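Take a look at these structures.
One chain, chain A, appears in both complexes that follow, with chain B as partner in the first and chain C in the second.
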Partner chain A sequence: MSGAYNFAYLDEQTKRMLRRALLKAVAIPGYQVPFASRDMPLPYGWGTGGIQVTAAVLGQDDVLKVIDQGADDTTNAVSIRAFFRKTAGVATTERTAEATVIQTRHRIPERPLHAGQILVFQVPIPEPLRFLEPRERETRRMHGLADYGAMHVKLYEDVARMGRITTSFAYPVKVAGRYVMDPSPIPKFDNPKLHDCPALQLFGAGREKRVYAIPPHTTVESLDFEDHPFEVQRWDRPCGLCGSTDSYLDEVVTDDQGGRLFCCSDTDFCRERRDRMDEGR
Partner chain B sequence: MGRIAAGLADPVHDAQMQFRDLLWAMSRPGSVVVLRGGLPAPPEPLVPAAYALLLGLVDGESPVWLDGDHPDASRSIRFHTGASMVAEPGQAAFAVVTRASGLLPLERFAQGSHDYPDRSCTVILQVDHLAAGAGLKLRGPGIAGTARLEIGGAPEGLVPGLQANRRRFPLGVDLVLAAGRSIACLPRSTDVEA
Partner chain C sequence: MYVAVKGGERAIRNAHRWLAEERRGDPDLPELDPAQLREQLALGCDRVMNEGSLYDPDLAALALKQARGDTVEAAFLLRAFRTTLPRLLSSVPVETAGMRVTRRVSATFKDIPGGQILGPTFDYTHRLLDETLGGTDAEIAPAAVAEQPVDPVVPRVLDILDADGMIQPEPAAAEGEPTDLTREPLLFPVGRDAWLQNLARGDEGFVFALGYSTQRGFGSTHPFVGELRVGTVDLVVEPEELGFPIVIGEVELTECEMVNQFLGSKTEPPQFTRGYGLVFGHQERKAMGMALVDRALRNAADGQEQRGPAMDQEFVLYHSDNVQASGFVEHLKLPHYVDFQGELETIRRMREAAAREEGGE
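On to the complex of A and B.
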């Protein structure tokens, strides 16, 4: 750990400000709490919100895992892990089971989380109503009045035009029966994992300066209609590496001859399954 | 004037650990947590948990209200945190109620607005003891099924007060109960039954 930084990079006053905001976020599930987002040593869009939330909760005994689209070995994940190794000296891991804090961009791990873990989401645009109503004052009022008709109209228009709800990521949810929330651009495949999760889920949007939360064991419903119930993506083939039939698959182009591979986006989940297969051999 | 009590021995890591304990308690209403790390001897009439949480969480951006004239506590908090002490409970981001009988009505603390329900007070209530598994029946976010919390020295009328607080959701206050080194939380999202 480099002695030139305060523990976990942020100064203590910034951490206190974030901690106070996080407490309110937990007490009002799904509501976006404004916070004074700081300049971070990387650009917006690279997880500045998630990093600030992680820095506010992280302690010396934590074991940190960072994933980007499910993978531990992509640029964003590698550099955020290195950032906290340098500024906080914490242990890092690629194993979901061993982590106490998991920062994620756009996925929820396949392995069920447990109570001792905190999942920190990187969020680009926290306001689920933003593309329906650009004015912040109006969206705030809509949340205040629980006026979510416009969101249902949007989903209905999908059904009217395409015959089904076409939203496939950042699929809006209602938290604890009150606030409609953007779960960040996770695939809707992951939405069911938000519900009744034993781990605390925290969301940080750096550019938009908002944090929000889903406490453990909270009701999280994906918006839908009685005759068009919410459903998740399915694939007609298993993972090409581990054979999993119930995980989220990425399509990887393997050559310039049209070759394609479908494999788990969660690299730790896939590796664990392959290790087990090797042991059984 | 009042005497200044000691602050956190390790301000960075004690505050972090104690915040994590508070975050655990706030996200799992009714669970009783013993604060980790060093807890300095509190000034009269604060209990160690209440004093430590204030030291770790408040500063010049979060006004504090104390229920009465407590010069030692007031001076210690001002000295270590830079927080301003306010005379009106409605102006406080954090309020400390040391005599449980003075807690109600909860409406006198900041409730937030419909646009900004987060601009509401966190009330630290000092009680005699806390025990999970018996007492009040709790339901809501953070609780798998039901939880139970026994509060020793709870004020009369606490349950109807908390039920009215719940009905005001998303407005309302969030309660942190403190007994010795232990804490438990009752955020505004929790349904409470006697």
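On to the complex of A and C.
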């Protein structure tokens, strides 16, 4: 652990400020709480919100897992894991089951999370209404009045023009029956995992200076219509490595002849299944 | 079996080693000392200090060296260091009338008390490449020293107009600590202290381009340079436990006050208004751009019709920060294949449906 910096890099005053914001976020599920985001030694847009949230909740005994695109070995996940190993000296793991804090970008692990775990999402644009209304003053007013008509009109226009809702990631949800929330750019495949999750889910947007939360066992509904119910992505084939038929698949281009390999984006899930297959043999 | 690309700690480590080699360049050439950058690329260091929001010429020079001359990257390095520093106290507001000026010009009056002082400026140089700088140790003819020193107090030009009641009085400074955007989230609408801080930290190119846009009709300023001055001022603090002011050092500043015509309204007589720019070091473009945008934002805050992006608080303040902008734009280099796969799936399903419909017809 490097001596020049406080445990997990941030000073204790900053952590206290963050924890206060997080407590408020937990108290008002889905509500975006402004916080005094700090300049971090990693670039904005590369997980500074998630890193600040992780730094604020991390203790000496925590076991940290960091994933990007579901994988532990993607470059940015490697970099963030190394950052906390260096500044906090905490144990790290690639196993979802063993982690107490999981920082993620773009995925929720396939293996169901359990009580006591904290899932920290990196969020680029926390405002689900941003692409409908660019002005923050206006979107805050819309949330205040639960004025979500514009969002439903957008989804309806999709159905009217394309016959389906075309949003495939960052699919908006309603949390605890009140706030419409951006679940970060996870594929809509992961949206059902947000609902009634036993783990605490925290969201950090560093550049936009917002945190929000889904407390354990909170109702989370993906927005839809009665005649166009919410549905998730599916693949016509199983994972080419572990044979899973119910996980989110990456498409890997294997040659320039149109060859493709479909395999689990959650590398720990895939490994666990392959390990079990090997044992069974 | 195909194994997905391992990002790998080793790849990152090697990439950074290569970067260090590239930074050094040809090892047969002497290595740059940051002090050389501080002295000979001073304006680049000034830009890094402004956008890095930290007045430290030595660290700015080091950052510029480490960033291979990339000023935005250097500002990022400085910011990431600044964020770890404790905030001990706020200084007493600097008194720029007492600035030890090296340059001071006004475009509104031919002669002004204290005089027009050109100082070290690119203005009126002919932009011809100087081949004598191609080697080392070029001979420099020393500049003549004036017979009389500059007055110790050089009154600000706008204070002269102010005495005649020709210029809109400035509102009194708000009580208490000024806003600090590095310690508080940006919540709209913001006050002038917040936007001035935001502009001072903002990207020079962005602020300057916005200022420029107000001159071309995307805004409502009709500016004159009331005064532009460059020089050093004392930095004074007054710790509570001491009860008296002490000078803790000096900083070089560029200050610009723009004068704008205002034709008056039902409640106010015709008069001039001002726009204000203040930045570290010698950064005239930045200070002028800032003064133009300050005026545009004030016009908007005063309820004038919004006539361009420079008058739009959220547009200006959310997009001025190049450390944030570069981070967010450059994060597009990070893997997005999970989301892209989601899009692929959607588009494929839609194409299948479209093909089925065509086939059915």
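Definition applied: the second predicted complex is superposed on the first by the 281 of 281 C-alpha atoms of A that agree within 3 Å, B and C clash if a C-alpha of one lies under 4 Å from a C-alpha of the other, contacts with A are read in each partner's own complex, and residues count from 1 in each chain.
We adopt the following convention: a contact is a pair of C-beta atoms (placed from the backbone, for glycine too) under 8 Å apart; a residue touches a chain by one contact, two chains touch by 3 or more.
Nothing here was measured: the structure is a model prediction, and the numbers come from that model.
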Subject >> Which partner reaches more residues of chain A (counting touched residues only), chain B or chain C >> reply: C
Original post:
Looking at the overlay, does A:H217 come into contact with chain B only (first), chain C only (second), both, or neither?
Top reply: first
**OP:** Please work out whether A:G59 is in contact with chain B alone, chain C alone, both, or neither, and reply first, second, both or neither.
**Re:** first
**OP:** Figure out whether A:F230 sits in contact with chain B (first) or chain C (second), or with both, or with neither.
**Re:** neither
**OP:** Based on the superposed arrangement, let me know which partner A:R38 touches: chain B (first), chain C (second), both, or neither?
**Re:** second
Original post:
Should A:P187 be classified as contacting the first partner (chain B), the second (chain C), both, or neither?
Top reply: second
**OP:** Could you say whether A:R141 touches chain B, chain C, both of them, or neither, answering first, second, both or neither?
**Re:** first
**OP:** Mind working out whether A:D11 is in touch with chain B, chain C, both or neither, as first, second, both or neither?
**Re:** second
Subject >> Touched partner set for A:K209, first chain B, second chain C, both or neither >> reply: second
Original post:
What residues on chain A does chain C touch that chain B touches too?
Top reply: 34
**OP:** Provide the residue numbers of chain A that touch chain C in the complex, in ascending order.
**Re:** 5, 11, 34-41, 43-46, 48, 68-71, 73-79, 82, 105-107, 124, 134-137, 162-164, 166, 168-170, 185-189, 207, 209-210, 233-235, 240-241, 248-252, 254, 261, 263, 265, 267
Subject >> Touch list for chain C against partner chain A, complex >> reply: 1-2, 4, 6-9, 11-12, 76, 79-80, 82-84, 86, 182-189, 314, 318, 323-324, 326-331, 334-339, 341-346, 349-350, 353
Original post:
In the complex formed with chain B, which residues of chain A make contact?
Top reply: 6-7, 12-13, 15-17, 19-29, 31, 33-34, 56-60, 140-141, 144-145, 175-176, 178-179, 196, 198, 200, 213-219
**OP:** Enumerate the contact residues on chain B facing chain A in the complex.
**Re:** 11-13, 15-17, 19-20, 22-24, 26-28, 56-59, 61-62, 93, 113-118, 120, 122, 140-144, 169-170, 174, 187-189
